[in-house]
Amino acid sequence: MATQVISKLFRPAVFTQLAALRLRGKVAAAAAGTRHLSSDPPPEKVSRYPVPYRTDLPVDIVELMEEVETKGGFLPNVFKVLSHRPAEFRAFFAYYNELMNKETGGLTKADRELIVVATSIHNKCLYCVVAHSALHRIYSKKPTLSDQVVVNYENAELGPRERAMLDFAMAVCRCDTITEQHFQALEEVGFDREDAWDIAAIAAFFAMSNRLAHLTDMRPNLEFYNMGRLPRDKSKDK
Amino acid sequence: MATQVISKLFRPAVFTQLAALRLRGKVAAAAAGTRHLSSDPPPEKVSRYPVPYRTDLPVDIVELMEEVETKGGFLPNVFKVLSHRPAEFRAFFAYYNELMNKETGGLTKADRELIVVATSIHNKCLYCVVAHSALHRIYSKKPTLSDQVVVNYENAELGPRERAMLDFAMAVCRCDTITEQHFQALEEVGFDREDAWDIAAIAAFFAMSNRLAHLTDMRPNLEFYNMGRLPRDKSKDK
Amino acid sequence: MATQVISKLFRPAVFTQLAALRLRGKVAAAAAGTRHLSSDPPPEKVSRYPVPYRTDLPVDIVELMEEVETKGGFLPNVFKVLSHRPAEFRAFFAYYNELMNKETGGLTKADRELIVVATSIHNKCLYCVVAHSALHRIYSKKPTLSDQVVVNYENAELGPRERAMLDFAMAVCRCDTITEQHFQALEEVGFDREDAWDIAAIAAFFAMSNRLAHLTDMRPNLEFYNMGRLPRDKSKDK
Amino acid sequence: MATQVISKLFRPAVFTQLAALRLRGKVAAAAAGTRHLSSDPPPEKVSRYPVPYRTDLPVDIVELMEEVETKGGFLPNVFKVLSHRPAEFRAFFAYYNELMNKETGGLTKADRELIVVATSIHNKCLYCVVAHSALHRIYSKKPTLSDQVVVNYENAELGPRERAMLDFAMAVCRCDTITEQHFQALEEVGFDREDAWDIAAIAAFFAMSNRLAHLTDMRPNLEFYNMGRLPRDKSKDK
Amino acid sequence: MATQVISKLFRPAVFTQLAALRLRGKVAAAAAGTRHLSSDPPPEKVSRYPVPYRTDLPVDIVELMEEVETKGGFLPNVFKVLSHRPAEFRAFFAYYNELMNKETGGLTKADRELIVVATSIHNKCLYCVVAHSALHRIYSKKPTLSDQVVVNYENAELGPRERAMLDFAMAVCRCDTITEQHFQALEEVGFDREDAWDIAAIAAFFAMSNRLAHLTDMRPNLEFYNMGRLPRDKSKDK
Amino acid sequence: MATQVISKLFRPAVFTQLAALRLRGKVAAAAAGTRHLSSDPPPEKVSRYPVPYRTDLPVDIVELMEEVETKGGFLPNVFKVLSHRPAEFRAFFAYYNELMNKETGGLTKADRELIVVATSIHNKCLYCVVAHSALHRIYSKKPTLSDQVVVNYENAELGPRERAMLDFAMAVCRCDTITEQHFQALEEVGFDREDAWDIAAIAAFFAMSNRLAHLTDMRPNLEFYNMGRLPRDKSKDK
């Protein structure tokens, strides 16, 4: 019972949104350009730990995977890797959903992904950098900004708002002692204390995620590397 | 609905266990020795963010708080501080419960608390160090070991098993790239790969928790500072 | 006079090679896929320092630029940025040419580019990471390896030879004291002392280049971001 | 042909200047005080790599070495060590000459040497610290300032101009992201943007040189250790 | 002779003061609560080096030990450990006495202990953190402040005066270059230059002590862990 | 009384030894070559704190200063600077004398000075590096080794014994946790545990001294910079 409820809990936001994306053709187009790559090489090793067969997984997790796969075009490896521990899988994605798919507050979806990119490169997390750079490219329609942030957010083409947002996210990422000055710097560019919580909670959640990715040697799907890099070819979009 | 289910999800383990402790008189005795301290000072400021009145909180969260308070003798401030965001509260404690109250695997409860202490001091997290040092003292019945680990786990009175466990936890805490050598070092003292996941997941979860505590300036309850330091006075235990 | 000679000095290798690439259609194809991007935005700002008009530059430098542009499809911004100081421009490219276009020794062109990528990300150098990741993709025909090395060369898909090569390059990059043990680690995977010099000299040269890029806030050409990411469309290749 | 031209290119500045120094008796005096030291020990090992016999070197390199040796009293080991790779030797010294012997801009020769000393000690480069401390003593006529900078430039006897110059050089040396604030700090003490380029280019070039010295275990000539420490004995100068 | 004089030199302050404490019942009460703990385990190993029998020690050192033990209720292990080198023992405690038991200047005894706690945790020194946290609790009557400083003095419950004092102590502890700005920050909260010397000298002395404790693996007496944590039970105090 | 005894305590070793040096003409020769330098500039500022007039100092301190000055040719500034606090002066030099002028154990006087040089440069202490480099040159008769250690002890011309000695001293200097492995590395080159204590105690004492020098901005006497650099001119020695 619990598992079904958990599954419901985070389903609306993440996947409705992926579905929405698909209707607008973005992920589909991106996948169209790269999908054949994933069939060329032998099946990728995605984790240092065993990845369960779907027939061995609880039904709520399988249903969730199928929904994600159907809507997004492929199943991000984080779902496969974490399904090794179903109970932790549910808690992880419930939390993820709260933070990344929240519909309120001052952060755009692109902002949230940029926070993930900036903090995950600090933590040298291959999976999160590659996957969330892709999501940032799609949400922001800026095909090079995440690459710039990966190298050095301090000289990336960011406005003062985004710069202040990442400065705060990095303070949390480094586990600095947070002081009133941090909040004031955010307020100067229009972020209130609830936005600060959002920024920090994302940085904190990915502090955990990055470490789980290191534990499992989680590998990004090949699809992520190129997703969102090219302007959509309109003829393919029909 | 969902909230009730989540609440159920993590209730059995954390709180049944606290109740069990109480039956054996440990927490009760510890609280007995220190409870009056908490009434002396003016009400402590526990968070930089507002702490909701219970009447404003969802019923599942209130029920959980009351259960914890009744069984443990006081409500740890992390419950108050995180209730500022009920949805995140539920995800946080569901995850916490999976990791810290798991009944299987090679880690004892004292082991888990020691991992929290060692990684949280690296992150300079006041709440987690003070609260989980208290829990370690109670579970381990070793009243000085957590203080030693707080200062320097490298020369604390640890056996090779605990030392290897903390070496690995610290590698995760620092976000080192995890390699086969890390797993081999664990295997030499009897930890298998599932134990490695447990150790790493706790270190990863508290990488998040420590950062949330810094965000909110979460303050430990006064009760935690002294809990488990003194041998129980048997006359009080009746 | 001197300038003409210098110009001759480094022309054969760099540009003959770029020409060769073009004959095999690689750069041309890559450029074909991305060139229109560079016409969309307003003219990019490429340097914090003024970039001279070509009519104001010495003839040897202009000739070199035109040759590069004709053969490669676009002029990499490093040529524009460094032409602010023609004499230093000549010395820089003469040295670059010696190290990167050398026809002897145990390093492939892809190896050299990988060294640049791995050391330049350590130095957070946007220009060098983006430009040399592109060159690595083209030379290696591995479209994702440079992205992996950008995030974390320690868990990138490298064989022992490449791993040892980058370990040594990083030791030089960090300015570690180099010892016999470094050379032995290289010898174990087949690199002799002349290869060690090549690896170290590239790492050392880009220690300089990265810092010049930081000085000038050198921006990568948009073409570089996507170059070599997609398999060539054979129909375009004819 | 090319080699002759390169040789001409950098000859005027470095060596004319060394000659000029000699006419004014400085280097000669310094060498007079120390030269006999170099004959006492067995021939010094100057490099981890073979140093070619002059008869095996290209004529332009030999001519250059002889000119330097004649004018300066001894051949600095960097010429011997880098002659292992004649083509790189030419590029290195051409670049060196552009940066260190430039006749224009706001930096004195002593300023340039001080930049080299401050950045090279950060990089723990024995050759560059010892050799360029000697050159600084000669150019500045300050026999103890370079020793102070070697220990700690932050409390050396520097005026605000030199302090700002070294602050910027160290930012480049550490590969910090350079911002407008760096340029403003320089402007406050009278350095314009072209001076900033000069400072940064020297710091960047020695970022390379220091690493080549570590690669080769380049040892300073004994003459450098004491050169310029003592006031010239006028009776010897005639 | 010399030894007797040295012994006299530092006896008045340290031990008179411990005696005074005892009269007011503080240490006695603290020891009363914990003394039986030290008899439970087998005799503690207190040093990696041999601890001499008292019969083998010079009489001045034995007399000092007996005085300390009589007045304080137990002999702190630092006396045992350092008696391995009697001459250094005398110099160490003479210096200690000058710094920690000085009767003049703007630092309270609690201030001095807090400096020791804050700098010793930076140096991961088990003995000094545990012993001086105990002394801080007794002198300050604040039972939790030292625990807070051990975790993170930046968010401990400190006023601006104590915060500035620890900021300066930490600058000395880290061996930062001390500048006029450091003194100005102290003056803003009322510390003059003689107070600055006191703060710095304590931080410097414990830079030495912490390292001696690491050398010898000096272990704190069990009594220190709990001393001063609980409010005195008045009935026991009679 | 006490002060006289303390003064006697450390007088025999330090100053007898300086006197012995003088008889052999070393310091005298060194001073002869440089003394006139100190009269050229205006009186040096030696401390950020006031330096007392000798007439205001306790007689035991004045006598000590005069003895040092007479025998060594000049008074090292550390005596002037620390006399600002006579009681701490006595404790400091008593301790210094025990460690640096000890007549037993496996460390030569040159070894001790080399430990001071290597650790003091890590701490960026101008006074200690310059003064103890001079003393090392005199004791070791190696005029360039201390300069090499100042830049980088890892590639200085050290044998395995000296290298292991400095490795251990640096571990203490950095406040590493000392383990059995450290002692084993020392034993492999012939140092026993008492030698280990000597090495560590010197490193620890200068951890304190370096910080006091930073506090006071202690400046080295000009005489130290050149002392021991040149072979003695035998004609002057008569």
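By written order: A, B, C, D, E and F. Residues from 1 in each chain.
Everything that follows uses one rule, which is that a contact is a pair of C-beta atoms (placed from the backbone, for glycine too) under 8 Å apart; a residue touches a chain by one contact, two chains touch by 3 or more.
Composition by chain, UniProt nomenclature: A, B, C, D, E, F = Carboxymuconolactone decarboxylase-like domain-containing protein.
This is a predicted model, so every value here is computed, not measured.
Visitor: If you apply the touch rule, which chains end up adjacent to both chain D and chain E?
Guide: Joint contacts, listed by label: A, F.
Visitor: Sharing more than half its contact pairs with B-E, counted by residue number, which one of A-C, D-E or A-D qualifies?
Guide: The same interface as B-E is formed by A-C.
Visitor: Whole-Å distance, chain E centre to chain F centre, using C-alpha means?
Guide: Once rounded, the distance between the two centres reads 28 Å.
Visitor: Averaging over Cα atoms per chain, report the distance between chain C and chain E in Å.
Guide: A distance of 58 Å separates the two centres.
Visitor: Can you compute the centre-to-centre distance for chain D and chain F, using the mean CA position of each chain? Integer Å is fine.
Guide: From the centre of chain D to the centre of chain F is 31 Å.
Visitor: Send over the residues of chain B in touch with two or more other chains.
Guide: Within chain B, the residues that touch at least two other chains are 124-125, 152, 154-155, 177, 214, 217.
Visitor: For each chain, which other chains does it touch, given as pairs?
Guide: Applying the touch criterion to every chain pair yields A-B, A-C, A-D, A-E, B-C, B-E, B-F, C-D, C-F, D-E, D-F, E-F.
Visitor: Quick check on the complex: what are the chain E residues that touch chain A?
Guide: Going by the criterion above, the answer is residues 152, 154-155.
Visitor: For the complex, give me every residue of chain F touching chain B.
Guide: Touch list, chain F to chain B: 177, 179.
Visitor: For the complex, which residues does chain C have touching chain D?
Guide: Its residues touching chain D are 1-2, 5-6, 8-9, 49, 84-85, 87-88, 90-92, 94-95, 98-99, 123-125, 172-173, 175-178, 193, 196-197, 200-201, 203-205, 207-212, 214-215, 217.
Visitor: In the complex of these two chains, what residues of chain B are touching chain E?
Guide: 33, 37, 121, 124-126, 129-130, 143-144, 147-148, 150-152, 154-156, 214, 217, 222, 225-226, 229-231
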